[in-house]
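Report on one structure; see the data block that follows.
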Amino acid sequence: MTENSAKDGAYNYAYLDEQTKRMIRRAILKAVAVPGYQVPFGGREMPLPYGWGTGGIQVTAAIIGRDDTLKVIDQGADDTTNAVSIRRFFARVAEVATTTRTEEATVIQTRHRVPETPLSEGQILVFQVPIPEPLRMLEPRETETRTLHALSEYGVMQVSLYESIARHGRISKAYNYPVMVNGRYIMSPSPIPKFDNPKLDRSPALQLYGAGREKRIYAVPPYTPVKSLDFDDHPFEIETWEQCCELCGSKESFLDEMIVDDDGKRLFVCSDSDYCERRRAPAEAAE
Amino acid sequence: MKPLLSVRGLSKRFGTRVACRDVDFDLWPGEVLGIVGESGSGKTTLLNCLAGRLTPETGSVTYNSAAYGTVDVHDLSEARRRLLSRTEWGFVNQDAREGLRMGVSAGANIGERLMAVGARHYGDIRRTASDWLDRVEIERGRLDDRPTTYSGGMRQRLQIARNLVSEPRLVFMDEPTGGLDVSVQARILDLLRSLVGSLHLSAVLVTHDLGVARLLTHRLMVMQGGAVVEDGLTDQVLDDPQHAYTQMLVASILPV
Amino acid sequence: MYVAVKGGETAIAHSLDLVADKRRGDRDIAELSLEQIDQQLGLAVDRVMTEGSCYDRSLAALAIKQARGDLIEAIFLLRAYRTTLPRFGDSLPLDTSAMVAERRISSTFKDVPGGQVLGPTYDYTHRLLDFSLMAADERPTAPTAPADTNRTLPRVGDILEREGMLEPPPQDGASEDLTRQPLTLPASRPVRLQNLARGDEGFLLALGYSTQRGYGNNHPFVGEIRYGHVPVSFVPEELGFAIEIAEIDVTECDMVNQFAGSHDVPPQFTRGYGLAFGHSERKAMSMALVDRALRAEELSESATSPAQDEEFVLAHSDNVEASGFVQHLKLPHYVDFQSELVVVRTLRAEVEARRRQAVLDQAAE
């Protein structure tokens, strides 16, 4: 059945035709069944450029319905240009309610962050993924990396971490930090800061990862163990700041650094704009 | 006692060219077998067929594995074969660049096999790698240097350490001293001889250099045009060659 | 208080207005019509249709107008439209021997049945700027050369093939549709050809060129290039027989390459194949060179050059993918960069601490 969007009669509901959505849903089901495994899918050309979130948009388009509430963030914030553009796209083609509040959203599409507010059961976090293959920079050939995954031959990834310690005295990987999913597949968590990696572990929300240009979908089902790779004597650790958020005073959140004047004076503020606003709201209301 | 490696009726060709024909032999535990012959005689092709890197048209290669019992190398699943090749086997290439990761440090090169089978303690891996640098006579201080900064002889010794760290039972070597200066060659031959002895390694060594063969191998197979024309104890073959081709080789008439 | 980078909504709205304004340019100058683009920038339309994988001259013209002449942007627009169209099925393979050719040349034989037909080509023009075109209403007179376009021409390849000198074309394989299924590797030849047909002309040109300069040389000859109109036939399920649904213009290149033969095959020439919508000889020839280069392994040739590397070529040929990913670097990367800043600062602090400690140790000695 074709269900036309009221605003753009020429396009189907949520832009993609129903056959394509079914194909993507099948890929998602397979991905959920084999956590961390990259499922090839017939990625379509989208009206947004490759590298700007076409994978995440296709996943969102395939799962979204009129009852959903959508939140879109880029770099943790709802008001960055790319997040605005994607949110407008879905508001237009899927006539869906949008929100900036993490706990109100049923579907959250994100680029480069996991919200600070803990997610709950029933929520879906859709990641935009540029390079889905965690081994790609160590081994450029797809035929070879697929074999390495199939055989769980992951020595080369550990070699890269070893090398990092040998060179810098610590694991210097800061974002897109590789994880082992369910003890079986090494997975790229997309370019989120390693700060966010612990939030992936046994999360009550469903995590879906879409790579449009590379035509891969993968998933982490709720409550699945996700372990960041490390060494026994160099355990995984996350970033910390001496500063706290200039606006809400948070000491627990990921902070963005801003240069505020010509002398290079810096300010630190929460990267997660919703989290920051919610923390400020009671204070401002009291004023 | 069972042979470690049994080869029967092995043939391989490329297009119309026969690379090796009807090769039969057994390799016994602790034995070093040399394959000699001039360039194009099929010895490297044979070595690659033994190590599962090339698939022969006919014949079988049976390996007596510590983990899996007696297995046909070419019937093994790729997963098993790759596991074998990074645990029970080693492969020393003529060009060390092919056997090393040139972009990472010596320590990472040596540690890779350990990490591939689950080692996760950085300090322990590093200590083992340092010990191996000692054993192959490279200064411990070079542990964090990349092989790109090493000389040709050092690279070859590093490649040997990278292979032997997992204490393999069987090592394939393809002209391990080829392309190196004579003085550098002598040092590597010494090293290989002492390692083979102390680790009780079995090895198949391909070389065109009869001096190398005499120094390292117990037994020799002489190949010409893809076929084995003579085999026997190394000293016997070199001191009393029976086949006309072997006689020419020994008399160094043939260019190498 | 500080001013954060807020207000993305308004900024985007302004940007859209500005781009619309730039596109139109000076309002006193007449607006381009789609017909003008189709008729007078026809080769641009051809390229956009080819790499956009959609044969529709007016949509391609619209895309070029909307993209202000940026052809890769236009290809992107056309692709994004095409992807939403329903798919009815596969047409029958084009029979290019039935082509009504405007141009047909072979560089392997001085004369061929049907003759060499030069047709419209820039090949023999002198590349001198023609200042007479600066005048607004130039109207060249209609050509007087005999337009003998009603005959069909036998293909040069078929003639060589009958003699056993040229390998037969590959049998039809079940065709996959790259716009519906992801690329899997190693790829079949039909899939490779599909990828190349959609591939960026500049990329294929450079790769084809590299084979001529020794990076995977395969001794090419232009067996034949033809450009003209061919009917497209389709078998609707409810009818059960073929009906003609359209006539399209295509350029076809049959490249003939040397091959030494093997154990089972006597020496024979081999083929590289290129096909493009409209009149796009550069594209069709480049495609044929790269197609042949990618067959290295199948033909037991050593494959050491970029053009022979299937994964490398197929993964990087698509300019919509490439353009998007290159330009995504413009998107904010604050978070990743912040993570790097934290790590680099930590590492620098540690180095500094070690340096100070060393100074102290030295002083203590």
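All chains are identified by letter, namely A, B and C, in their written order; residue positions are counted from 1 within each chain.
Criterion: a residue touches a chain if its C-beta (ideal position, glycine included) is under 8 Å from a C-beta of that chain, and two chains touch if they have at least 3 such contacts.
For each chain, UniProt lists the protein as follows: A = Alpha-D-ribose 1-methylphosphonate 5-phosphate C-P lyase; B = Phosphonate C-P lyase system protein PhnK; C = Carbon-phosphorus lyase complex subunit PhnI.
Predicted model only: the values in this text are computed from it and were never measured.
The chain pair with the larger count of C-beta pairs in contact, out of A-B and A-C, is A-C. Centroid distances built from C-alpha atoms place B farthest away from subunit C.
In terms of their C-alpha centroids, the spacing between subunit A and subunit B amounts to 47 Å.
Separating the centre of subunit A from that of subunit C, both taken as means of CA atoms, is a distance of 33 Å. By the touch rule above, subunit A contacts subunit B in their complex via residues 147, 150-151, 153-156, 158-160, 162-163, 165-167, 230-234.
Those residues of subunit B lying in contact with subunit A across their complex are 78-79, 82-83, 86, 101, 104-105, 107-108, 111-113, 115-117, 120-123, 125-126, 143-144. Chain contact summary for the complex, subunit A toward subunit C: residues 10-12, 15-17, 23, 40-47, 49-52, 54, 74-76, 79-85, 111-113, 130, 140-143, 168-170, 172, 174-176, 191-195, 213, 215-216, 239-241, 246, 254-258, 260, 267, 269, 271.
The part of subunit C that touches subunit A in the complex is made up of residues 2, 4-9, 11-12, 76, 79-80, 82-84, 86, 179-186, 311, 315, 320-321, 323-328, 331-336, 338-343, 346-347, 350.
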